[in-house]
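What follows is chain A paired twice: with chain B in the first complex and chain C in the second.
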Partner chain A sequence: MRIAAALFSPVAIASPMQDVLQPAGPQAGHIHALWLLMLIVCSIVLVAVTVAMLLAVRRASRGDESTPGDAALLTRDEHRIHRVVGTAVGVSIAGLLLVFGATVITDRALAQLPLNDGVHIRLVGHQWWWEATYDDPQPANVFSTANELHVPVGRPVVLTLEADDVIHSFWVPNLHGKKDLIPGRTATFAFRADVPGTYRGQCAEYCGYQHANMALLVIAEPSDRYEQWVTRSRSSAPQPADDTTKRGQQVFMQSTCAMCHAITGTNANAKRAPDLTRVASRETLAAGAIRNDPTALTAWIADPQAIKPGTHMPANALPSSDMEALIAYLETLK
Partner chain B sequence: MSTLAFLSAHGRRRASDSVNSVVAVAGLLMLAMIAGCQRESRHFEPTAGPGITPPMVRMSELQPAQVNPKQSIAPRYEVNAYSLAEGKRLFEWYNCNGCHANGGGGIGPALMDNVWIYGAEPENIYATIVQGRPNGMPSFGGHIADEQVWQLVAYVRSMSGLVPQDAATSRNDDIQSKKSENRTDPEHPVPAATPSSSERSQ
Partner chain C sequence: MNGPTIAGTLPPGAHSGPGSDRAAAFDVGRYGAWADKPGILGWLSAVDHKRVGRRFIATGFAFFVLGGILAGLMRLQLARPESTLIGPDLYNQLFTVHGTTMMFVFAVPIMQAMGVYFVPLMLGARNIAFPRMNAYAYWVYLFGGAMLYVALVLNIGPDAGWFSYTPLAGPEYGVGKRSDFWAQLITFTEVSGLLVSIEIITTVFKLRAPGMTLNRMPLFVWAMLVTSFMIIFAMPAVMMASTSLILDRLVGTHFYNPAEGGDALLWQHLFWFFGHPEVYFIFLPGLGFVSMIVGAFAKRPVYGYVAIVLSLIATGFLSFGLWVHHMFATNVPELGKSFFTAASMVIAIPTATQIFCWIATLWTGRLVLRTPLYFILGFFFILVLGGLTGIMLSAVPLDLQIHDTFFVVAHLHYVLIGGAVFPLFGAFYYWFPKVTGRMLDETLGQWNFWLFFIGFNVAFFPMHILGLQGMPRRVYTYAAESGWGTLNLISSIGAAIIVVSVLLFIVNVARSVRSGTPAGANPWGASTLEWATESPPPPGNFHPPLAVGGREPLWEQEGIVGRVDGLKNDPPEVLVTTLLDALPHHRFAFPTPTLWPLIAAIATTVMFVSSIFTPWAVIWGTIPIAIALIAWFWPSREETEKHKRMERAP
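Coming up: the complex of A and B.
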């Protein structure tokens, strides 16, 4: 079990980017600029304080008990010292005001993202996965997916954030700052991705045993590819074509799977676990814990607790022929 | 004089030594008791998979020849806070509350009272969930993992106070419709057919 966990864990994390220093949208850009400003100001302060301290150490009086005190210091004119201290205080206040002002300006800039033509997504945090529902004025066009957001480059994305059980926090460092998902409250959060790419997000509020394995991928792609993905996602799951996949669908419906998961176009409509209508098209399984391929999927279904201890998915001891059929069926859900 | 002082100091030291050893023994005993406490332990190894064959349930106290001792894995779940909390979550997930409400009953019978139509023992409840019962109780065998059925059994019993209170679930985060399970006074289970005059006679 432990070996399996070690085998599957590190693979998925390698490719997607999760980096505050490489902003891929206007808001991450503003935050990055503020971060740079703070870095510069703080570096200057650090250097100034260090230099002042070294100078003070160097100028400290040298002598021993027998050296008489320097009474001349008491009569010395202190105008110059007053000037130096006054300038230092003034510069410090100016520096603080600069950082404070920059923070206010950044805050305002973050709030001023134009939201016309936005993509509206309802994102619900669960222990330990993300449920994404793409809203649409046409009810038939609404669809659900999990742990992977596809967004169009250059268009704003408006997230409605909710939590199902405990407090989670949405954080995709390349795109924006953090926003908490709090049970019983609805938060709104908007960002825009200007550079195509795959960005990794991570739950940023400790939410239980598998908090570390609650990742989210945001895939920013050009408009036409995004529209293709949306069209495909809106359609029902493909019907099984051959005997194996037909048997696989039967296994899915007759065993524990259908109690929690949904596949559109079938009798499985439960909403307690990730929607599996397009599960084979996702890059990772179990909210970024493992890569998505048939071997990993088999290991996951057979014993999820070995890979993600504490996850709400139970172990499923299926006969191997049933398991193979089930995997074959799930692999057709693209 | 000095001998007296030495003696009394020695006596005091001996007294404090014996106090120390009592404290040490008590501490060790407490540590041993923690090892025996299963409230917080978690089991992540997979169990037998979807429950198809329920454990044997004896429907009578009478047995020929020697009485077989009762064997049950249910206590493992009933003293464990994690299992009970999972049971509470699953009770909603699998829509048990759709018919049994929050234990008060509705379409299905109440679960928080002392009346048990098909038995109050964990194995009875397990069989009821897995096999289903006439007049509307679905048969969940094969549709709910074995582990989860036992968690549900433990939670169902906690609704009428039949599990240790220190392990039972506490109040809900949202609307509270009844006393939380860890504040529920234990009921004394009776079969449904028993006349009402004999209720609580046990």
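Coming up: the complex of A and C.
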């Protein structure tokens, strides 16, 4: 009973992170309206059929195994039942037309999101992380980040979705439904966040070992804060200032890190793994697998397989002084 | 004595009503060549549809239990957040093998197996058409299913999900031999499924008792007929899909490789063109069970026979027009998606029609409230709920939110367990006395039902909410902060209740098979022909075969109009009848037991399994198969003589 009540009042069981029932933008809002209509129509049908069945059982006379079967009914025309069953089928068809109509209307509403002044992001799915490239007519303004999208509240976001290896699916339930990222194909997907907040999403198409740990955050913030973030993201990574962080950068460049990761403004330009230019500013590591703090980062670099078995990042047996320097350096990348 | 004749009228009392056991009327010698040979070789060479059907059902149920154990392990892992009980590698194998087992190795085969056992009996036939092929289909199925579990135990079980999307299952990302085992399992089940479909269609069209016109066939037979046609039309799509997948993996073709001009989405079209009808060939036989049980336990003919038959046929056709609703999140054209939304909603109408007909039947019947009927009442609630969430999923915008989440997991279990497994358990309770001659225990049956019904809803209802809260399917773990922990724990408790319920069923079967109340020919006082013969039915089923005069033969005065005389038991002769009106057409001698189907199945298995490791196995592997098939069809002098003697008349 409580569960049923909760279905009707989503707030009662609201999850703080990701929830279809708490739309934060027009797309999720349209779908939520359709959901409510469906829920009402379907609940009525379920109750009606269940009640009809229970009434039938209650009302019908009882027999036992030796009761003879009423074969005479084979030749009798059961007028009254014809009418009732015929009406029920008719009502079902009408109900289906209603929900089909609502579906088409919702479909059209979804397609009519105004796209002018949109933020264009190319999102590429990798096993098991998200690569986001913010587009700009000025090539110098293009920048990359990973596993975390900042978007301005009230402006449409147009995603160009691609996959690097297998099929993934982009899904941030508070903002919109899902869209697959398919190798060899490009999809576009548009949404708008109207309420500031942090919305969690995670890959919705099974993509191998670490499908469970392929999350991303969409941080919707007011325009001015978003613009600040964009400006900061466009600049190169801060240069190390003290000896420890200088040593840390050296470790980064000389160990395996630089073979896969990029930090703008340095010689590390590899594209096999998340861009680390602003890694310290992100809330999570390893596509949402763990929170981002120096301890977690150390553990992650030392033995990624312990945290995310199957991840493509190798273990790094660094001397502890090097590790400390590396962490100190990475923590400056904000 | 020369030709078959239809003679005399049996007194109706001779074969209806509980307790009329006519076993005494027969002596073993009269079964002649219908009986399988004694001993272990006889066991291995059996071709009687009831023996093969029983094995088929028992094997299917064993795979249901195995698949259930895998599900239990998954629920154990998901019971609490961030559990480290099972790692991703094992978990991915668990859900892949669970899904593959339930869809390919349990549900479709066990429904066909019920058809293998009961369709001939309901039609008054003496065996299933192509009985040797039937034995072969069983062995191939058994070996295929066993291969899947050998692979799982060796930690090389498939791990790309039961629909095995490329490129995850392709050569580049599906490492090792895991997806090859999956693809070959599909080949095994295809061969078995197609063969059984051919047998069932032939049996229905040509072996009906004289007088059983098409419009007198029991509704379960109609359901199996439609299902068999669907299998014949749907299976080639998955055959194409799995063959090209294994070619990609084994010989380096690029059907699904976009980098070389292939297409990752091609797989989804081919797979779901089969996969969606597959749901309905699990579900339609379930509807057939419901029709049979509702009629028998409401003590009246099911209301709306014609409507139900047309609904089954409509469902069969429509089910081929829905496949894209599994692909709404891909970038297929938007306008096309609306068409599939409409088609997916339309298919609710035939199902709704049948549900209304059954409720009308119950409403106007005299109900015998026993375990089989309880399972059907449970079916109503669960299936309707699952069907309604299906309508939600058919709406493109809503599907975008709930597709590939636990909402879908809930939906598909409501539809498949509600639509197929509940009726199947009802069918087990209903027909167990026919198969074993003893009744299942009613008290245990009630416990079995209520625990299953409650456990099922506790396990699966919360998953709807989990899906809406954003939990995707196929995740081996989730964060504590997600807030999904409580509902997952509730769901796992529900799964534990289901386990208890299924254990009770197994206990019930184990006890009743030895010490259950003897059933007699027709313990429920039901109307169809399988209840006209002994329990369990003798080899050859009907001695003599009956001629039918109505749709509910054991209830109507003129239901059994006579018996067929002049058919020999050695060679085992059957009367072949015409397609529409079941008029006697000619005599035909049936094949007798032989070991060759088993040997051919072993040869087939060797080829299929070896071809996982080398494509050349397809070349050399055909030689033993060819030898086995030639030996299988080689006419013996003795048999030819018998057939010649038969040709003298009329």
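Note that the second predicted complex is superposed on the first by the 292 of 334 C-alpha atoms of A that agree within 3 Å, B and C clash if a C-alpha of one lies under 4 Å from a C-alpha of the other, contacts with A are read in each partner's own complex, and residues count from 1 in each chain.
In this text, a residue touches a chain if its C-beta (ideal position, glycine included) is under 8 Å from a C-beta of that chain, and two chains touch if they have at least 3 such contacts.
Note that this is a predicted model, so its numbers are computed, not measured.
With both structures placed on the common chain, the touch criterion links A:45 to chain C but leaves chain B unconnected. Taking chain A as the reference, the larger set of touched residues comes from C, when chain B and chain C are compared.
Using the contact criterion defined above for the overlaid structures, shared-chain residue A:309 touches chain B and also reaches chain C.
In the superposed pair of complexes, A:141 makes contact with neither chain B nor chain C.
Contact with neither chain B nor chain C is seen for A:112 once the two complexes are overlaid on the shared chain.
After overlaying the two complexes on the shared chain, residue contacts for A:183 are found with chain B and with chain C alike.
After overlaying the two complexes on the shared chain, residue contacts for A:255 are found with chain B alone; chain C is out of touch. When the two complexes are overlaid on their common chain A, residue A:236 makes contact with neither chain B nor chain C. Of the two partner chains, neither chain B nor chain C is touched by A:295. In the superposition on the C-alpha atoms of chain A, the part of chain A touched by chain B in one complex and by chain C in the other spans residues 183-184, 309-310. Within the complex formed with chain A, the chain C residues making contact are 17-18, 87-89, 92, 160-161, 165, 167-168, 172-173, 258-259, 262-265, 295-296, 298-301, 303-304, 307, 329-331, 334, 338, 341-342, 345-346, 348-349, 352-353, 355-357, 359-360, 362-369, 377, 380-381, 384-385, 388-389, 391-392, 395-405, 461-462, 464-465, 467-470, 472-479, 481-484, 523-527, 550-552, 554-557, 559.
Residues 3, 6-7, 10, 13, 15-21, 28, 30-31, 34-35, 38, 42, 45-46, 49-50, 52-53, 55-57, 59-71, 73-74, 78, 81, 84-85, 88-89, 92-93, 96, 99-100, 102-104, 106-107, 110-111, 127, 165-167, 169, 171, 173, 176-180, 182-187, 200-213, 288, 309-310 of chain A are the ones touching chain C in the complex.
Against chain B, in their complex, chain A makes its touches with residues 1, 183-184, 254-256, 258-260, 272, 302-303, 305-306, 309-310, 312, 314-318. The part of chain B that touches chain A in the complex is made up of residues 42, 44-50, 86, 89, 93-94, 142-145, 147-148, 173-174.
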